[in-house]
Structure formats: structure tokens, C-alpha cells
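To start, I am sharing the structure in question, which I have written as C-alpha cells.
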Amino acid sequence: MLKGKSIVSIDDVETEDFYEIFHRASIFKKTVKEGKSLELMKGRIMSTFFFEPSTRTRLSFESAMNRLGGSVISVSEAKNSSAAKGETIADTIRMASSYSDIVVMRHPMEGAARVASEFSTVPVLNGGDGSGQHPTQTLLDLFTIWEKYGKIEDLEISLVGDLKYGRTVHSLIKALNRFNNKINLVSPEILQMPDHFLNTLKNRTKINLNSNIDEVLQTTDVFYVTRIQKERFVDLNDYQKVIGSYSFNQELVDRMKDNAIIMHPLPRVDEIDPKIDGNKRAYYFIEAANGVFVRMALIDLILRGGKVE
Amino acid sequence: MLKGKSIVSIDDVETEDFYEIFHRASIFKKTVKEGKSLELMKGRIMSTFFFEPSTRTRLSFESAMNRLGGSVISVSEAKNSSAAKGETIADTIRMASSYSDIVVMRHPMEGAARVASEFSTVPVLNGGDGSGQHPTQTLLDLFTIWEKYGKIEDLEISLVGDLKYGRTVHSLIKALNRFNNKINLVSPEILQMPDHFLNTLKNRTKINLNSNIDEVLQTTDVFYVTRIQKERFVDLNDYQKVIGSYSFNQELVDRMKDNAIIMHPLPRVDEIDPKIDGNKRAYYFIEAANGVFVRMALIDLILRGGKVE
Amino acid sequence: MLKGKSIVSIDDVETEDFYEIFHRASIFKKTVKEGKSLELMKGRIMSTFFFEPSTRTRLSFESAMNRLGGSVISVSEAKNSSAAKGETIADTIRMASSYSDIVVMRHPMEGAARVASEFSTVPVLNGGDGSGQHPTQTLLDLFTIWEKYGKIEDLEISLVGDLKYGRTVHSLIKALNRFNNKINLVSPEILQMPDHFLNTLKNRTKINLNSNIDEVLQTTDVFYVTRIQKERFVDLNDYQKVIGSYSFNQELVDRMKDNAIIMHPLPRVDEIDPKIDGNKRAYYFIEAANGVFVRMALIDLILRGGKVE
């Protein structure tokens, strides 16, 4: 039961909740595609507090609330706000929760969302906090896999790119690891998944560390590619070399399973060649669009319990 | 009658209007708490023009308009807007008033809101102009007192902290002074209420200048504490000394009247110890939340005359 | 038929569409003036992506969508957004179009809106791209003329001021030139309309280059004045001289035809003396307010086909 709950970490979402979210997201996807309007959140307000910018996450949440018939109040540059006058997160979130029925927060500091959820009088959705969690991204990733395969277990999933700093892959692997999935980690040495993080996972036997893209190319069901940030490299030549070997292009795609899909949390830069955008395996735009439907489901389940009207 | 009026200064609000606002705010508070949605402002638009940032004031107004079923268009950083191309306040406000049914403006320059109200074709609500007025803050402060005591007269009220620059206390004392209240001014010497301002007040005999917190602690009904800004002090030692003597902590609260309340326009920094947040006398979060209901009442009374549907 | 179309350039609007837009805008103007609320866009979302700030254009679009009963999600400083992480316009617009039903974009780069319209899965409205087009400004300008004269042909129209950089006059002259209008170009030498632009126009015989304000003052039906930017002048004395001769003041207005109107895309600075704001020929505020009604018409015709309910 998600009703009344805050979602700070993907661990806050129980296994049975996943499927409830997916089913509800499917229904909302159909409703929106048919151009029907909803009034489930009529009179309700979401506040979005973004202490660091994230256009994609913010707009996706705001679109979701609007699609449900609710309203939004928004601080897209919260660092210029009361916080700049020395206000604590606790006080800021108390304000937010007295102005709205649900709060979405993004913050550069790991743990900020947990603090917020403790002081808020309304549910808090973590829109990403530092190198911590980004649970709604994980939910939309899982929904996209579920939509394709009808399940989120017994699959082979390759996480590719920046596995060290990439917040989305940390949230995702935690969730995938709960189920019986084979997971391949494919990354340059300096961007490998940290040991201290890997140690928090339960089923380590199903995880192949230090995989090579060529080894997993023909067996993988889901490629999850992340952006490799130039800024991580001291030497730009190293960046060029890495990008060269991790770029998803036509040649690579042609060697994949017919049924495989390629996902990416976006924005992408050089990791995926725009020439493959039209390929049937390119799922990253579908994935991005799914963000709205999954967030609609989550808002509805949290504020209304998702009961069918 | 507030219908069609601009609210630039608390002086624009007549005594009988106060009680109409309070009653209407009470009704809206009940409606919102019950989760009922309203459509009183359906099809109406509020524009918020903030030439200096004020998250709390802006979001509170926007929440109020949304709670009433209306829409909001917003400029949170108006200094980057047309004004930057050399446009006058007169022309900017003409634009705002041709796009919306009511305008909320905050501006760093005293008198800006008055100018705006003269050129606007729709009502203007002053969201604070320089060291000038901040009338809706005063209304929510008064409503909070009225909710507690059932009246805004015959009370002993101590204003504590920065009485020199604090815009909210200037608006508030003007209003309190209209009624038969005893007012104590408690502040460090360098932050005393300016003489030129005190001279504008009518009933000066009811005002105790240079009060000491210990003297008034056991007789005060309402403590109104304001933020003391570090930047006001040349010597940080002076700031530390002042904060030391004006901080509301458990020891101080224990000596207050059982029935007393502590208010603060927020954000607070060091003036109020978070440890007393759970004390029954701590009214600052209730006060902040009341901002939405008072602004709902004001918008409704101005745009619809507040008639009951 | 505008249904489902993007509007990147005024050339995308066919002649018969002009009149359909004008009629629909008239109806919406009446509806809004009467305080009636509309639900034509209920459940629909507009996203506004402004890669350079333009308060007037953005708020006017957002007001229009709200007046129609729709919602808005907004990025007023898109340069701080995903684009800053290296995302292409194509990817940004794909995101926008998966979150909303119609996208308004403003971009500093000429041609950006065309690119956006090619990758978007929903209609794109160009809110100005570099020195390129600003078609909705042109439509509201034409509507204002049509409202006054009942036609947009067989008129004498003088374009005054910065005809070199002024994006609005380029869009406007293209449209006016389609009909049988006499057009006078009045500008300082350094701000004349560029030859390469003039060469794109069809009926050059109806255009009087290098007109003098005194020559055209008594025959002109519509004066369209644009802002002359100080920054264009190396020598500020030159600016002062130019402003001196192009300023619309009482003396100039008194010599105009009784029926003439003065328009300006705003913001104005020194080109129009505020003392003539009350003159019956001053149409620039009416013009600005018309922006909302014309954009309502456009959104409605594009998303619904404008059918009467």
C-alpha cells in the first residue's frame, strides 16, 4: 500500500507495489493517448522544489500532476530561495507541505530527501538527491521493461557506461537485484560501480562485474546506457577512447538480439548515435515518455490509494 | 468592501474588512482541510511578478489561487524580464493586467506597488515593496492572532528583534495600533524602530519603547519575533551577543504565560531554537500555513466580492 | 486548415487561415471580456521552452492556454536545462513533445524552430528564433489592424525605427506584402531593412524605401514603431539624434490622420512618449492585450480544429 507514503528510495517500494504502479501506469497511458481528461487530482496541489535544475524530472512530474487534473506550484531554482537566507531543509519542507498536498524535491545533497520526508506533513517524492537515490526514474525504467517483456525478472540486463557516478543505475540495480535477473556491468575502469555500493546488494552471484560489451551483446535483453561525462576525465584523450568503445551505433545494434531494447535515462550526448533512433530496439524516447504515466500512477496511488472511480 | 480594490498598504484595508477577511479565511481553511475542491476562480488568472525573489510569498499566493480553482502565470525573476530592456513599472504592469485578472507584485523599491496599482487595469496585491509595506503578511499575522484569541484588540503584543529593517513589523504595528493593544518593542539598540516611522502611528501611549524581554515575558499574549540579519552588524561579535539574548529557547518559553503564542514571519535562523517547535506556544508554522487561507479570502473578496455560492 | 500544424514562419499560415484566426480571436476576446470560463483545452498541456527570456511572449501564451482551460509546464531559462548538458534541440523537443500536447519555443538561433518542428511529435509554435521569424507576433499585429479597419489590405502602413534587426517587422512586412498594401520604410540609415531580406518580398513596387516620417505622416493608416536599441550605436550622440527624430510625441500625433493608429510590439523605451498613451490613436496596449486572444485562437485551431461546441 502506497497511500500516504513518501518515496525516498526504491527500497520504500514493496514488490507488490511495483505491479500496482505498472498496471495503473498502463491505464493512464491509454487514457492520455486517447486524449481523455482526468479530474482525479482536482483541487490538489503538487509543489516541486528543485535545489538543482533537472528540467526532465521536473516537467515530467508537473505534466503528470496536470494530466490528473491537479495544479502545480514550482521552485525551479530553489537555491535562490529561502534556503539562501539560511533556512534549513526541515523548515523549507514544512513550508512546502503547508502549501500543497504532495512535494517533489531534488537536492544536490545525499540524504536530503530522507530529512525532508521526516519533517513534511504530506508525502515527499525524491526527485534525486546527490549521488543518492532517484526512485521515480527507476520505476519508469522498470515499467518500460515490464511493458516490453511483461515481467521484470529472469532477464539479462547490461548496465553500460558510467556506473560510478550514475545515480540512476544505482537505484536500478538495487531493484533489478531483488528479482531473478542476470546483470552485466560494462564500464571503463575509472567508472566502475564502487565496491561499497556493490556490497549493499543481496544476490551478488547474478552480477557479472567487468563485463565486456562484445561478450554480452548477443545475450542481453535490455541495454541500459548512461551518459559518460567529459568532466570525469583528466585527460580528454581518455574520454575519446572510452566514448569510442561505448557508443551505440548501427554496427553494434545489428549484432544484438532481435528482441533486445536499448534504454538511456537521457540526456544522451555521444553514447548513442542518433542514426539508430529509428531502430525498433531504440526505447529511450518511449522510456522518457513513460515517466509521465508512471508518475501519474504514483501520485494517484499515494494521494488517493488509486481506487477506480 | 474590498471588491475590485488593490491592496498596496495595510491602510487600504478598512476595519470591517479585517473581520470579513478573517471569517472567509476560516471557511476556506475548513474547506481545504476537508480536501474539498473549489471552483470560485475557474477561468480566472493571477499573475505573479517578483522583481526580487520571495519563495514563501509567491508560492503562498499561487497555492491560494490554485486552491480556489484558478490559474497562475508567473515571473519569479522579473529583473531578467522586459524591465531589463528598460521598461517602466507602468508598462510592465499594463502588460500583466492585460494577461490576468489580478496581479501580485514584489519589488525592491518602496512605492513600486502604489505606482503599479495606478497603472493597472486589474487589482494589484503588494507582495512587499522595499522597506515599505507587506500587507498580506500583516493580514495573515492578524488572522493567526484572531484565530487564537477571537479578537485583535485588548492584547499585549511584544515585537522582538529587528524592528528597524523588518518590513513585516512595520505593517503589523500600524494595524495593531488601530485597535486597543499594548505593544512592547524589544530590540537591540542598533535595530530599534525608527522615530520617523513611530511618528506616523496614532496611539503612541500604548507603545512601550525599549522594552526588555524579561520585563514583558510573563504578561505578553503574542510574541512576534523577526529574523536578525547577520549582515546588519559590522562586528560579528555584536551579532552573537544580540542573538544570545534574543533567542527563543526552552528556558524562555517555560517562563511565558500558558496561553501565550510565539509568531515569526519566517524564515528563521537563530532567533528560535528548533527544540521548541513542538511546544504548544509555537505558532509560526500555523501562521505560515494561514498565509494560504488569508490570501484565498482576499482574492475571493476582491474578485468576486466573496458572495457565498 | 491549421489543425495539427506547426507554425514556424508566417509563411506557414495560408491566407484563408488569417481570417479564420481573426474571427476566432474576436469570439475569444468577447468571451474573456464577459468573464466567461472555457474548457476547450481541459486536460491538455502546453509546454513553453524559452532558451532566451521573453516575459511578454511567454506569459501571453501561458495566459492563452489557461484561458482555454488548459495547463502549462514551463522552462523560462532553458539554457540552464538539459541543453546545458549538451543535449541537441532534437532531443529536447522530443522530451517536450512527450510531456505536452503543444510546444512553444523561443531560441536565440535562427532556424531552431524549424528543426524543432521536424523532431516534435506535437505541433510547435515558434515564439521567436534569433533574427528569424516571430509569427504569432505578426498574427496579433495583423489582428489589431483587422479589428480597426475590417481588412488587412489596401492600407498605407509605415514601419518606423529599427528595420534591420527588428524581427517583428520582418515577419510583418512579409505578411502585409501578400496583400495590396502600400508600405513605407522609415528608419535611420544604419538600421535600414537589409537588401537580402527585401529581395525575398514579392510586390516590391508597393514598398517605399527610405521614406521620411514627415512625408508619410498625413497619409499613413497604421504606424508600426519598433524599439531602437542603444547598443546598436557606437556613438551615443548618434542614438540621441535618431531618437530625437523618431520619437512619437504629441506634436507628431496631432498631425496624423484622425483615423490613424500607432502600434508597437513593446517594450518601448524612448520611441513613444508616454504622454500620448491616452490618445485615441495609441493602439499599442490594445495590440499587446490582443496577443492573448490571437494565441487562444491559434491553439484552438491547431489542437481542436476550432470547431464550435
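The chains carry the letters A, B and C, assigned in the order they are written, with residues numbered from 1 in each.
One rule holds in what follows: contacts are C-beta pairs under 8 Å (C-beta built on N, C-alpha and C of every residue); 3 or more make two chains touch, one makes a residue touch a chain.
Remember, predicted model here, so these are calculated numbers, not experimental data.
Chain B and chain C touch with mostly distinct residues; of the residue numbers seen at this interface, under half occur in both copies.
The rotation relating chain A to chain C, fitted on Cα atoms, amounts to 120°, rounded to the nearest 5.
For the pair chain B and chain C, the distance between mean C-alpha positions equals 40 Å.
Within chain A, the positions touching two or more other chains are listed as 71, 76-77. Residue ranges of chain A in contact with chain B, taken from their complex: 42-45, 47, 71, 73, 75-78, 80-82, 85-88, 90-92, 94-96, 98-100.
Interface residues of chain C, counted against chain B in their complex, comprise 35-38, 53, 55-56, 59-60, 62-63, 66-67, 69, 72, 76-77, 227, 266-269, 274, 285, 288-289, 292.
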